[in-house]
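In the two complexes below, subunit A is the common chain; its partner is subunit B in one and subunit C in the other.
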Partner chain A sequence: MERLNDEGQWIVLMGFMVCVGIFFLAVIIAQSTVVGQTTSEGVLEFPKNDIQDLRSEVIEIAKRGGTSSLKADLKTLSMARKNAVVECSITPGAVNDSYYEYTRIILHFNNGVTEFDETFLLSRPKTP
Partner chain B sequence: MDERAVSESIGFIIIFSIVVAGIGLVSLYGYPMLLQHQIGADERTMEQTMITIQNDIKLLTYSNVPYKDTALRVSGGALTVYDMADSHQEFEFKCWNGTDWEELHFSPGELRYVSDQGTAIISFENGAVVKRQQDASGSVMLAEPRWFYDNRTKTLVIFQMGLAADRDLSLNGIGNLQMSRLNEPDVYELSYGPTEVKVKYTPDGSNDYSQAWHNYFKGSSIIPGGLDDPGDGYYVIDGVSRVIVKQYNITVTNI
Partner chain C sequence: MVNDQAQMYTLEGFAAGVLMLLTAYLVLGTTTVYTPGDVHITDMQLQQLGSDALAMMDTPNSHGDTNELVNIINTTDHELFDDSFMANLQNLTESTDTCIDDLQYNASVYYRAASGEVASYPLATSDRGDLVSREPAVRVTRWVTVNGESVSEIPEAADRRNPQLVLVEVLLWRG
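For the complex of A and B:
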């Protein structure tokens, strides 16, 4: 009886290895959609511009002396348009040194995903 | 090598029976397992699709985008839109104004996926994506709504998302989900000084997600430590000085 030719066995073995490799690649690809989604959500939901806009407005209000009605408007507008709870307090002349007078600005922003708090000292030269 | 008693036919019979047994095993056990796997994959895909829909609704509501259009594939089941008027579940808010309870009732409508072969039911309900199994009492929240309590200003912010459809809509296969939000949200703002706010979820009797909402209210998402649960169905949060409830109406134009 003729003996079996077993010289091609490594081809079968390589086939198995390639199969296992493709399987793992498929698992990685399946995971990548989930990762991409959560990452893009994180980027989309971070309210960078909302905080920057609010900050610049509040600093502008503080430069003009800190009128209270503008702060109330800011609070209402933030809730209506950005769905964020905003609170700011402006204290002119909170800190003093020989050359400058500082206005203390305390800023609070919370939109349910991101909470941001900042205390900021705005300097103004004292008139001699 | 001694090759007496070696027969080709016996070898063939052995190899052939191994092959037949292999085919039999695969069709008996392997194929049903494969189908089961397919059902599981369909349900998982649908979970992700629901989260995508939730993201679209977030854009429609929080980001003030008027129209949104999503291509989606619903396999292994059907996705149905339930209008706010047809929904049986209800969210109730109560706020003590010093002399009386001010009440606010809201039926959010629902986007519901029901698996054909499997047992999963996945819903978009009032901003959350929730899932349960048919014939089982538990439920789980896959993605939470964005309700929050700001501890510094003692402000409780609640977003309600109602779905409206002017006719019965349902999808099986590949389709396009068109949604719009053209009206300003109804805003209820109550500020009575430090007060008590109660929240209650009344489930749809045939599709009960109360466990998922219970876990959400009791978990640390709204406030660290969760809302109090006195056991009467209401979840209580105390010391709230400003309550804002925003009700968005999202219209599903086509699916």
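For the complex of A and C:
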């Protein structure tokens, strides 16, 4: 049997290194086709605008004193149009200090995929 | 005794095999099949655009002012909604003739009637906005507190209230 030819080993090694480099670049290109897809799926699935809008509306209701018909509107329409369970409790004057009166808002949102809970104190300056 | 010649060739063979396997795995992994129902990227952009447009309309221009969307619903002003919503959607930094973005929409208002049922009436549509049977639309919504007593589209029997919370729902699509 012929003896192993051990010349040109550096060239072989360099060849391997270039191969590995090209392979990693290919992995990055492969990722790029999928990444926009999964990101936008995540954005679509997460009800960011729903929650922001709901939150600002509940605070508006609290500023009006927590009218029960508005809360019923919110609850009924959320269930009918957004398939979301919305509960909110608004307690004016729940906390008091010397200068401010605080309305306590407890907000619950659940659309089956995302659940959001928040307790919030809305301050209003006391009239001197 | 084990023949230990040609070990370099053996190693090279293994390495080449691993490289070939990895390449095959990679090639199979890159072929993602996009089906029309799976194109979330444009949907996501459209949904964000629509939400932003409604948020712009639901924001007063100055502190203490009433906002545009509340005025539109209180007076059921179809034209003003169309003008304002389309202007917000197609607001570009370039002039409009460099970019044609053919957006269509169909907006309606949902409210809670006296019996606890949910009812609706159409608010506005774009030129071809009534063709909602086949288009892949995204839905954007906005809560609005209006004076229900002034909204002529809500029947009096449906317990109109002041204030009343209604949901503006817009279906938005390209085409």
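The working rule: the second predicted complex is superposed on the first by the 89 of 128 C-alpha atoms of A that agree within 3 Å, B and C clash if a C-alpha of one lies under 4 Å from a C-alpha of the other, contacts with A are read in each partner's own complex, and residues count from 1 in each chain.
Everything below uses one rule, namely that contacts are C-beta pairs under 8 Å (C-beta built on N, C-alpha and C of every residue); 3 or more make two chains touch, one makes a residue touch a chain.
It should be emphasised that the depicted structure is a prediction, and the values quoted were computed from it without experimental measurement.
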item: Which of subunit B and subunit C A:26 touches, first, second, both or neither; value: second
item: Which superposed partner A:83 touches (first subunit B, second subunit C, both, neither); value: first
item: Partner chain(s) touched by A:59 [first = subunit B, second = subunit C, both, neither]; value: neither
item: Subunit B versus subunit C as contact partner of A:110, first or second or both or neither; value: first
item: Partner touching more residues of subunit A, whether subunit B or subunit C; value: C
item: Which of subunit B and subunit C A:74 touches, first, second, both or neither; value: second
item: Subunit B/subunit C common contact set on subunit A; value: 1, 33-34, 37, 41, 44, 80-81
item: Subunit B residues within the subunit A interface of the complex; value: 3, 6, 8, 48, 51-52, 55, 58, 62, 64, 146-148, 150, 152-153, 155, 157, 159, 187, 244, 246
item: Interface residues, subunit A side, partner subunit B - complex; value: 1, 33-34, 37, 41, 44-45, 79-81, 83, 85, 87, 108, 110-113, 115
item: Subunit A - residues contacting subunit C, complex; value: 1, 3-4, 6, 9, 12, 16, 19, 23, 26-27, 29-30, 33-34, 36-37, 40-41, 43-44, 49-50, 53-54, 57, 60-61, 64, 67, 69-70, 72-74, 76-77, 80-82
item: Subunit A contact footprint on subunit C (complex, rising order); value: 3, 5-9, 12, 15, 19, 22-23, 26, 29-30, 32, 38, 40-41, 43-45, 47-48, 51, 55, 110-112, 116, 118, 140-143, 145, 161, 163-167, 169
